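For reference, the structure discussed in these notes is given below.
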């Protein structure tokens, strides 16, 4: 228990990932939904770093590095999309976003 | 101390990068031109993109020649992997893109084409897809995928109307979730094998004889979810109809082809070694996914009232059909996948182009969406040629011989039969029959009903220009006469797939 | 021992922070909790010896991403309490809990993979940043460049989407409307 | 000889086609004369063939061309004129020539004059094929051909509902029998390898008895239909809806005797299976009595004659069934003459009475129609079997056969029937020609038929009188092919007692009929008299309720079941299943399309749900692999 | 040229159809007639140069299409297919020639010419995929014909027709692919050539499954009970020409395919399934005849009668002897001629009265005597009267099957009774009685154009009824080796016994010489 092994990190990562999933599923405000997707990516990064550490291999850190880059890019595009939507509709609630169905 | 690493340029095989670099350079070039002189006409950018893609195509032929001579080439610290699959899929990507880009020259003015950035983003996207297929490194796949996806979200949104924003946001959000799944899945494999290269992963897993099957499966689940999203497998498909409806018809047609072939190639690389190693679970799950995707998508397509949405569901169904190739996992089935997709791209792009040329700016009174079935009612009386061509694409999609998709279906079902998946083959065949209904429905509207009173007669070709017609012409010719070119095509594909070890 | 205490402490903190992020109805709280969570995560990176990554985490997330989000919040005016209609809570919680339990069930088991050979081993005596740099600019040069392209794409996307030109949609305007705009010398791309 | 054969065979066809040329044009005499003449030609050719055969020349056998051939099946259009068929040819051509000429007058005022002759000649052609064919398939051609012509001619007055109904009834009833015939033919083919009479019959003795029995049964079923034997008899009486010459030709002289001809023709077969022969004879006797009983009370002149025909066919079958083939054929011939005569006479009466058929509405016509009266009386005498007319020789012979072969029940039945025959024949004659002139009540002015019609009938009259004298010539001729069994009652005393007894019995019946029906006070029955309300009368007048039963228990259920099949089985089950499958898919689509609610949050939930579902599958699988041994242990503990 | 005659036969109509787009719509009818006539002449020429003494395929052409996957364009003709091809050309010609006033006549004629290509193609194809291509392609023009020119329910009918047959043939396609796979497994090469498939001796299990897969496709096309329900709708709603071609040619594809595929490929399975199929065929015969009797619409009567007759054809095919198969092929031709003619006849009255309900008519015999006569001839042919074309086929089919089962043949023979019942009843309702409706009093009799189509059919009906030898000889020449081949190929003892080439074991079955006098 006190010896922190890889599994600890993996479990933590999973718990965080699940929290992210909760956010993704329950958030209706798109901005806050995007927060949750950040959590998803971050939780995985912990694992990558941990694996990298325990295997003594840098590849995991590389992966985490690129994940961070991707997360950042997504933020930019996501915000851009939210801005255009907000300009037209003055809200960012996804419940108002269901003109297409069936 | 860290010793400096000596790298000879020759050993990097930079040529492997060439087909991807080219669109990037082209995109940057377009941005630079725009910087110097703004307000240039879209036709210039279209032609420029076409040129770039043309050269790219030539480069691909070059790499194909190299592949023939030397087999699979690794390049740039073994990150790049130029094997048959990569080349074939890049061919499809580039050709489909070349067919797509002239569609920008529509009669009506649409918002996205007024941006030079549109073309730049488009070329970046192509590069992204090319990277995605030409590597077995999970990082590069991820980065390429995201590059392409982010560009694609933007392209959709740039259509600039409510539905396209909605579509882009939906696509984006689900894409973000899928990215999360992807990274989680990769993490599991990394944790298992200490590697993020698919080859290496396969070797390590085979080395310890899949001792941690539970872990493997968790990784597979997340990757499957992620690619299920990209390939719109049920139940990860929910974005597809909305996104297709929200984007312009041309882009929707493009989306039904290019992102999917890229995803297919990655899925092939990822899943087939697992299936071959006897991961029964994956086989069973893929079986279920394939059947459910084909059938449910077909059933939903039955009840659609909008042609574009119908085609969206039909694309899902076709993707499910092709997914069977990965489940089967023989050389024949993998060749069938590529053959199918080549033929599908001609036909489907043609069908979406037909919608594109009939796209009016605002909805007519009583019309609930852009391409309702009623809009096409009695088309044969107004424009027999347009009706015939549209009918041709529908028949091809339905798998009526001798039109292109029939041959794809034939070879695909044949591969299923040869591999002993007879029940699957039957399911595939029967699904084609269900699908027959909604394709025929459009033909029924066009040929057997009278035009809706009050619709303008030219509605079927309101957006037509020469370049659109040319594209449709190419698609038509391809759809009808492909059987003449089938043998060389099949031989080409088979040899490439076989020599890549799939 | 120290490691264990640190792990549990930060684990607890991140979980709490992220939990707040996904549950609170105050956007500001959520943002703040997210930022805090990100920083706590960087703590793990430092614990695990990935100093470079920790630094990047702080710079990118707490710096760039949070700034963007903060800007977004101001733009969208979501500083007030956010009202969200909640559907069936049980589905959300159930699915998440289930997924957590399932994965944990498997992850709790020790992995057999002990004979992993590190391809890019961490070499003692070299700073993490240096080592990362070595790998990044050799093996991962191409992904790195592609990431650059990706960021460029994101940038263009952001500019285009948030730009003024999106305010007026050519897609929905009739041809003669566009013509009048031209005549009024309002710049419209062809 | 071949030339005469072809002339005899094809001149009716030419006549038919010739008349058909005028089918759509208004009536022309020529359309009647030319076919009649051609039939005359056919008759002459037949006569020449007869003479040739009588003079000892062998049978004429030709093969015109191949009809069907495939594998081992080989069926030519082959024709044979031997002693049996030449008899039939003579009967057919003679009677039909007479009827043709007669019909020129009879159909004089009919719009469909040309059409009539076309049909009539076509019938003769079919009949000729039937009798001349040298194989079963050819026989079947004629068999069906006469059926067709019979259908056309019964329904000749197609505007009459009853006529068309009767036509269809006749055709369908015959079809039922034809199926039997067809099966019989198949049996012959698969067991003997050929359908040619010669080879087939030659092969039969070596076959198993069971097979032969079935062959005999099925072929006889065919004969039952054509010859209207019970239970397929109802069509014959209804067939009287056709023009009277048709009744004379088809439903008295020729077509209905085809069944007898078949049995005679297939005598080598029936010879091998005497049990079936007994059955045939019993059925024949039954039908003889059965039909005669119905004739007793019927109030339709033509139907009475039709029942009498039926009854006489029964006689013929008795003879054929008992192996006296030549006797059957002889009676067939004699019967053809007097029965045709009877019908034609009836036709004259009908004409005179403006198509009135109820003899109770006639009476005393002997003054107005002397010629017809004489002819019909003589024909009736012949029918009753009074010496020395034709009927005596042929019918008595059948009685003798029955007696000699020790079938006393059959003999008794036939004897009794002979009495009945005499009774109803003269009931008719009496009612029509004697007694009070009841027709006056209906304001009818009867007149005699055209002269030439009477003249045309005269050959029949002549033959009806003298045909009996050909008995020995005939016997010698046909027994070259048919079994030459002579039937003599061994003791001459018995013979004389029998003959005279029969004659007396018959004469008594005649007298009784005359006495009963020439009374002054005969009224048109109105359903009030005691007799008419008696059970027996009702039973007989309703033909033993057999048509009613057919209508009620066969036709109606058939119609209802058909409707049921269509509306319920076909539409509600078979088709509904197909549509149901399609509909189910559509319905599933309609029901589940809500999954695509367009709400992003729900989409995301679907995605997570999908992943979780896969994950649970994975965990279940993973755990079960991990704990495979434990699970196995556990399961074995449970005894699985 | 003569060595390419088959390809010419197939593609000439298609080429003409493409050129037909240019032809002005006023002249397109004559154009269609001309093209169809040339096609018919070509088919007659084929008959002329066809050598009836050879049993194998003639005029074989082979062009590699996708050799990698064993798909080749192979066409050839033998006695089995020759006459169906001629029939197809004949009916297209008559159909176009008898076309009356039609809207969009240009589209219709072009469609018909395309349809002709597919029909001829199906019967000449010797490669399973080429066969399948034409087989499926034929659905499309038919879909259009029914859907665009049909009655009120035309869309339902056409879609039903399309989907139903499409579904069946897809199952068949899987069967074909499996067959090719087995060929590949055995020989190492891919091939879809039917003649090469013949050489495969399949294990019994495989035969059963493959037989079923093919059966689904064929049975729906035939259509066999209980897959027949698309047919009444298709016929009921189709325009006259559509019904004519559907009944005369398209249905024959199914039965033809049984002979071309099922029998020689799966002799043991054919024997194994003989009884079930015979039972189905008998249900078809009796049940549909009864349903036909219950109809109120004359066209439906003819439609159901088609199904009923197809039952006899199927039965003859599964007699598995020369007599039965020859008979069933002949009956295909016969049924084509007769039911085609009947549909034409129904079309005649429909053109005049725009109704097909029998209750609307009555007494037509006096108003339209010529019409009634031709109808009568065709009706009698349909009922199977000897010396008409149908009888020969029915007789031989039933005769053939009698070898296999007595009792089933007896039941099947009920066809001649129930057939007579519905046909005569229908005829009576329409033609007999007095004219009750005023509209019917002045109906014009058949006109010259209609006679142009009907008279040749009547002539053929009688001619081939009297002298079927011209057809029977080439057909049986080809059927005989087929049966022998099946006998040899069969692996189970039962099949060997059932498929016997010898008719009977009687010694004295000499063919009479006819010189007996």
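A few remarks follow.
When the chains are written out, they are named A, B, C, D and E in that same order, and each has its own residue count from 1.
Following the convention adopted for this analysis, a residue touches a chain if its C-beta (ideal position, glycine included) is under 8 Å from a C-beta of that chain, and two chains touch if they have at least 3 such contacts.
Here the structure is a predicted model, which is why all the values come from computation and not from measurement.
Both chain C and chain E are touched by B, D.
Think of each touching pair as a link: the shortest run of links from chain B to chain C has 1 of them. C-beta contact counts were set side by side for B-D and A-D; B-D has more. Distance between Cα centroids is largest for the pairing of chain A with D.
Taking the mean of each chain's C-alpha atoms, the chain whose centre lies closest to the overall C-alpha mean is E.
When each chain is reduced to the average of its Cα atoms, D sits farthest from chain C. Look at where the CA atoms of chain A average out and do the same for chain E: the two points lie 66 Å apart. Between chain C and chain D, the centres computed from C-alpha atoms are 98 Å apart.
Per-chain Cα centroids separate chain A from chain C by 6 Å. Put simply, the C-alpha centre of chain A and that of chain B have 26 angstrom between them.
Each of residues 163 in chain E touches at least two other chains. Shared contact sites, meaning residues of chain A that touch two or more other chains, fall at 6, 10, 17, 20-21, 24-28, 34, 55, 57, 59, 62, 66, 69-70, 73-74, 77, 80-82, 84, 94-95, 97-102.
For chain D, residues touching at least two other chains, in rising order: 582, 593, 596, 598, 600-602, 604-605, 608-609, 611, 615, 618-619, 622-623, 626.
All chain pairs that count as touching, in label order, are A-B, A-C, A-D, B-C, B-D, B-E, C-D, D-E. Residues 21, 24-28, 94-95, 97-102 of chain A are the ones touching chain D in the complex. Those residues of chain A that touch chain C in the complex are listed here as 1-12, 14-23, 25-29, 31-32, 34-36, 38-39, 42-43, 45-46, 49-50, 52-53, 55-59, 61-62, 64-66, 68-77, 79-84, 86-87, 92-93, 95. Listing the residues of chain E that touch chain D in their complex gives 160, 163-164, 225-226, 228-230, 287, 290-291, 293-295, 321-323, 326-327, 363, 365-366, 369-370, 373, 380, 385-387, 391-392, 395-396, 398-399, 402-403, 406, 409-410, 413-414, 416-417, 420-421, 424-425, 428, 431-434, 466-469, 472-473, 475-476, 479-480, 483, 501-504, 506, 508-514, 516-517. The touching residues of chain D, when paired with chain B in their complex, are 582, 585-586, 588-590, 592-593, 595-596, 598, 600, 602-604, 606-611, 614-615, 617-619, 621-623, 625-626.
The touching residues of chain B, counted against chain C in their complex, run 1-2, 5, 7, 17, 24, 31, 39, 41-42, 76-80, 108-112, 114-115, 117, 120-121, 124-125, 127-128, 131, 135, 137, 139-140, 143-144, 146-147, 150-151, 153-154, 157-161, 164, 191-195, 200, 204, 208, 211-212, 214-215, 217-218, 361-362.
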